[in-house]
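Once you scroll down, you'll see the structures, which are given as structure tokens.
Here come two complexes built around chain A, the first alongside chain B, the second alongside chain C.
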Partner chain A sequence: MIRVENLKKYFPVKRTVGEILLRVPQRFVKAVDGISFTISKGETFGLVGESGSGKTTTGRLMLRLIEPTAGKIFFEDVDVTQLSKDELRKFRKNFQIIFQDPMAALNPYMKVGEAIKHGLEIHNIGGSNMERKKLVMEMLERVNLSPPEDFYYRYPHEISGGQRQRIVIARALILKPKFVVADEAIAMLDVSVRSQLLQLLIDLKNEFNLTFLFITHDLATTKYICNKIGVMYLGKIVEIGKFREIYNEPLHPYTKALISAVPEPDPKKKKKKLIPEGEVPNPINPPPGCKFHPRCPFAMDICKTVEPELKEVNGRLIACHLY
Partner chain B sequence: MIFEAKDLRIYYKTKKGYVKAVDNINFSVEKGQTVGLVGESGCGKSTFGQGILKILPPTTYYSGNMRIEDIELVGLNENEIRKIRGKKIGMIFQDPMTSLNPVMKIEKLFFETLKTHEPDITEEEARERTAKVLEKVGIEPKRMSEYSFQFSGGMRQRVMIALALVLNPILVIADEPTTSLDVIVQAQIMKLLNELRKEYDMSMILITHDLGVVAEMADKICVMYAGHIVEEASSENLYYNPKHPYTKLLLKSIPNTDINDLELKYIPGFPPDLSNPPVGCRFSPRCPFKKEICEVKEPPIVEVEGSKVKCWLYSGVEK
Partner chain C sequence: MSLKSYIITRIILALPMILVLLILIFFILRIIPGDPVLAILGGKAPVEVIEAKRHELGLDKPIIIQFFDYLGDVAKGDLGVSTLTNRPVWNEIKDRFPATLELTIFAFIIALVIGIFWGAEAAWRKDKPLDISARVYSIFIYAIPVFWLGLMLQLLFGIYLRWLPVGGRLSPRVSLDIKTGLLLLDSLITWNWEAFWDVLKHLLLPGITLGLVISSIFLRMVRNNTVLMLSKDFVKAAKARGLKPRVILYGHAVRNAFVPIFTIMGMQFALLLAGAVLTETTFSWPGIGSYLVLKIKYRDFPAIQGAIIFFALFVVIISIIIDIVNALVDPRVRY
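For the complex of A and B:
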């Protein structure tokens, strides 16, 4: 249903006056550097990686909240990147986003019920005001904020973080979208609230037959909701495959590191940790060859010069010279 | 014993009355021990950590005892506690960006800290000691002439750790030290803390909501719920033989890496409002095993198979 082809987003780096005068060439942060993937209908695709890997930029590009530098995004055979502003506005009904921080995503001066209703007004759904209000009430009930009358007239600061995120979910889903991007939607919440909301997302996904792009840095939560995973590092996808296979046997050294870094509550199961040294390199000036090679324990000579292409290994795609 | 809290209460004064954030807890740390304090947001774990250093609003009400070595902390005034802060008890906060002064160079931060406790120290000496401790946490000493915003999140947290260690405190309180970090950086910082505590023979109170993090670091774990410590056990006992229903449910609700365990579990409901906590056991409104007495009388702490539990299920009193 969704096909992304060679998507790129380069952000220009500001030059100083001196640099402009000296004609220092414009440099770019290659936030997303040629990624391709597909998501079938009803599937949840997990995009995993550290801060700065480009996963959030990818999510925003998918909804065209920012314009891509190059590449195509097909949504049921419509190329989203070619839509005009007006067409895009109408099209937006089909895809929605749930942000990480609900306090920042909600207008603090707007009652939460009105915030949910606003989407209906923009897309002219539900005729009269009364009807819209009824739809909002139903939606509030659906995200387990009941009785809905208790919540409709409250302001975002008057409810808890978990409830606020439920409002954001309700606002995204009331338009009956086909595709939802959840960008670290549950990362800011407490452990038990996180699980409650994850369960809600899973239930809603099944009920509305949604297709999800689930962006997260926490591999452990992906197992409950994702069918497929893409691991990102410095703007590139380094491994894509069925979630179960990647989890059982991660192949790319970076994926291995990510999985072994998850803290283990069982004190006897002291896992052998494969934690790479150092930090993610500066994206303005990424290392040549494989971008992971300076931190990779298995790096070979070829990794320092030739950038590996994504190729098929055992039914999944991996960008690594080891395979 | 390095640190001990007895019948400790820390209440916030608000318009609605007192918020009983820490309500009658007993807690101790032995020399060289790392004690984990686990619980959800609002359970009082951070209040406790900050209460030890008395960095809470001045209207906060304290009662009970808190001792570091032989010094009683509860009655101390601001001037007296200032001699303890940093010197005897170091603190590592969750968010290093807001805890490090952005307009001071790193070396200046260290100099100020050292000078507070050792007024005669020269800048030269301070720089030497800073270099030594920065090296220990894996930062090149020459970076001390930079500002905190020039460091990445993980590096900033290393600076925080170095700043907490520079005065060789006997106890370090780490409040969610890895929560704002990425998984891989988190693992690096945990490894560093583990190495340092061995090297310095450091005692540590590790405050976190992440049972995975404490299990990898702590010798003893205290589980907090709504201002009470509901269970105290060794990390192995806590994982293999949890007693309190809250601990059991909390353990089940953390996502693990076991691919065959795909059922998502959580604790229904919300933690209570601490300005008006439930009567009896504070977990009773969410507890699947509650009995009549749980809603009437607060349970005592009893010892069961090496763990201390605050739950009526184990006290044998059915009245």
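For the complex of A and C:
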């Protein structure tokens, strides 16, 4: 249903006046550097990777909240990158986003009910104001904020963090989108409400038959919701496949390291931890060849010069010279 | 705490501040060189006349006695009598205040329009020419002295092009019924178009001078805060919902950017008054600012003290009003 082809986003690095005068060439942060994948209808695609690997940027690109440097995004055969500004605005009700920080995601001056209703007004859904209000009330009830009248007229600062995130979810889903990007949607919440919200997302996904892009740096949460995962490292996807397969038998050294870092609930099953050595390299000056090679315990000579392409191995896609 | 008790607290807290200001100004005036009696009578008056005048003004009493006499009068709402004109200081201030008010409001509107629109559009086009020019403008305007800017505008539009008058509020040949003292308003409510144009022409140069100066600070604040707001997720959420760019910019980003600006506007207002003093002198604008300068020249102690207290009260009242408005529009602010 959603297909991303060779998507790129390069952010220009700000130069100082001195650098401009000295004609230092413009440098770029290659936040997303040519990624391709598909998400089928009803699937939940987990995008995992360390901080700075370009997950958020990918999510925003797919909703065209930021303009791609290159690449195509097909949404049910519509190339989203080709839509004009006006077409895009109307098209937006098909895809929505749930943010990480619910406080920042809500306008402090809008009553939360009004914020949810706003999308209906923009897209002229529901006819009368009364009708829209009713839809909002139903949606509030659906995200377990009841009685809804109690919440509709409150401001974001007057409710708890977990409740705020429910509002953000309600605001995204009221437009009946087909595709939803959840960018670390539960990462900032109190541990006590995380599992409730994760369960809510799973329920809503089934009920609304949603297709999800679930962004997280915490592989453990993908276990409960994702069918498929993509592992990102420095703007590149290094491994894509069915969640079960990757989780049970990671192939790419980076994926292995990530999975070994997931805490194991059963203490008898001691795993050898493979924390990658060193820091994530600077995305402005990524290492040549495979970007992971400076931290990779299996690095070979070829890794230092030739960048590996994604290729099919055992029914999944891997970018590594080992295979 | 309710809004009402908040306001009462603010007023009570303002009183010691005004008292300190009063003490400072009272004693500084009497310590610095310059004698009001000599300033009025001139250096060549006979000693007896000077002594008589000194006694008449009460300046022969010990300073401490003078101070408590004055404090008692002020507490009763009596600001004393001008040593220069023999008129009650309060009446003189009352007569001149509308001129200052009209000028400041006009300048404030100019500053707001420039600040909000240029600031918002600059934030929207961050690092593009419109933004860079906004930054250069605000640094440039902030750096040049008010009176120099005023003089340049006078030179260009008043002397060289002869489009606008360089001083005063109303041409002598134009007649106008004065009701509120705000001449623009007076001419409007009496349908006196000739006077309206004349008043507007007089207001334009000083208003623009002061307005530009204030706009530089405004512009910077609006621009920076809007840039910050535009990076927030709720703005992205509005975009994701399919809201039009203009509505996102003004309805969401600028509206939120304005809150911190609004809260420090009280302080800006004090700054505005300081600018008004210089602008009024440059343009012979008959307001409190030029009044103060004139009275300082003649060492008119009661008038200087009165004008300063008046300014202080004015700033306090404005900042309280701003706080009230802020509490009304911002759901997060509760006192």
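Going forward, the second predicted complex is superposed on the first by the 316 of 323 C-alpha atoms of A that agree within 3 Å, B and C clash if a C-alpha of one lies under 4 Å from a C-alpha of the other, contacts with A are read in each partner's own complex, and residues count from 1 in each chain.
Following the convention adopted for this analysis, a contact is a pair of C-beta atoms (placed from the backbone, for glycine too) under 8 Å apart; a residue touches a chain by one contact, two chains touch by 3 or more.
Just so we're clear, the structure is a prediction, and the values are computed from it rather than from any experiment.
Participant: What does the overlay on chain A give for chain B and chain C, a clash or a fit?
Facilitator: fit
Participant: Quick one: is A:Pro263 in contact with chain B, with chain C, with both, or with neither? Answer first, second, both or neither.
Facilitator: The answer is first: A:Pro263 touches chain B but not chain C.
Participant: Would you check which partner chain A:Tyr247 touches, where first means chain B only, second means chain C only, and both and neither mean what they say?
Facilitator: First partner only, chain B.
Participant: Given the superposition on chain A, which partner contacts more residues in chain A: chain B or chain C?
Facilitator: B
Participant: Now for A:Ala104: first (chain B), second (chain C), both, or neither, which partner does it touch?
Facilitator: Only chain C is touched by A:Ala104; chain B is not.
Participant: After the superposition on chain A, what is the angle at the C-alpha centre of chain A formed with the C-alpha centres of chain B and chain C, rounded to the nearest 10 degrees?
Facilitator: After superposition on chain A, the angle is 80 degrees.
Participant: Looking at the overlay, what does A:Lys223 touch: chain B (first), chain C (second), both, or neither?
Facilitator: Once the two structures are laid over each other on A, A:Lys223 reaches chain B alone.
Participant: After lining up the shared chain so the two structures overlap, which partner does A:His118 touch, if you call chain B first and chain C second: first, second, both or neither?
Facilitator: A:His118 contacts chain C only, not chain B.
Participant: How many Å separate the nearest C-alpha atoms of chain B and chain C in the overlaid structures?
Facilitator: 10
Participant: Within the complex, which stretch of chain B touches chain A?
Facilitator: Contact set of chain B toward chain A: 40-41, 152-155, 182-188, 190-191, 209-213, 215-216, 235-236, 239-240, 249-251, 253-257, 259, 262, 264-268, 270.
Participant: If you look only at chain A, which of its residues touch chain B in the complex?
Facilitator: That would be residues 50-51, 160, 162, 190-193, 195-196, 198-199, 202, 217-221, 223-224, 244, 247-248, 257-268, 270, 273, 275-277, 279 of chain A.
Participant: Note which residues of chain A are touching chain C in the complex, please.
Facilitator: So the residues of chain A in touch with chain C come to 14, 60, 63, 65, 88-93, 95-97, 99-101, 104-109, 118-119, 122-123, 155, 157, 168, 171-172, 175.
Participant: Quick check on the complex: what are the chain C residues that touch chain A?
Facilitator: My answer: residues 127, 232-234, 236-244, 252, 255-256, 330-332.
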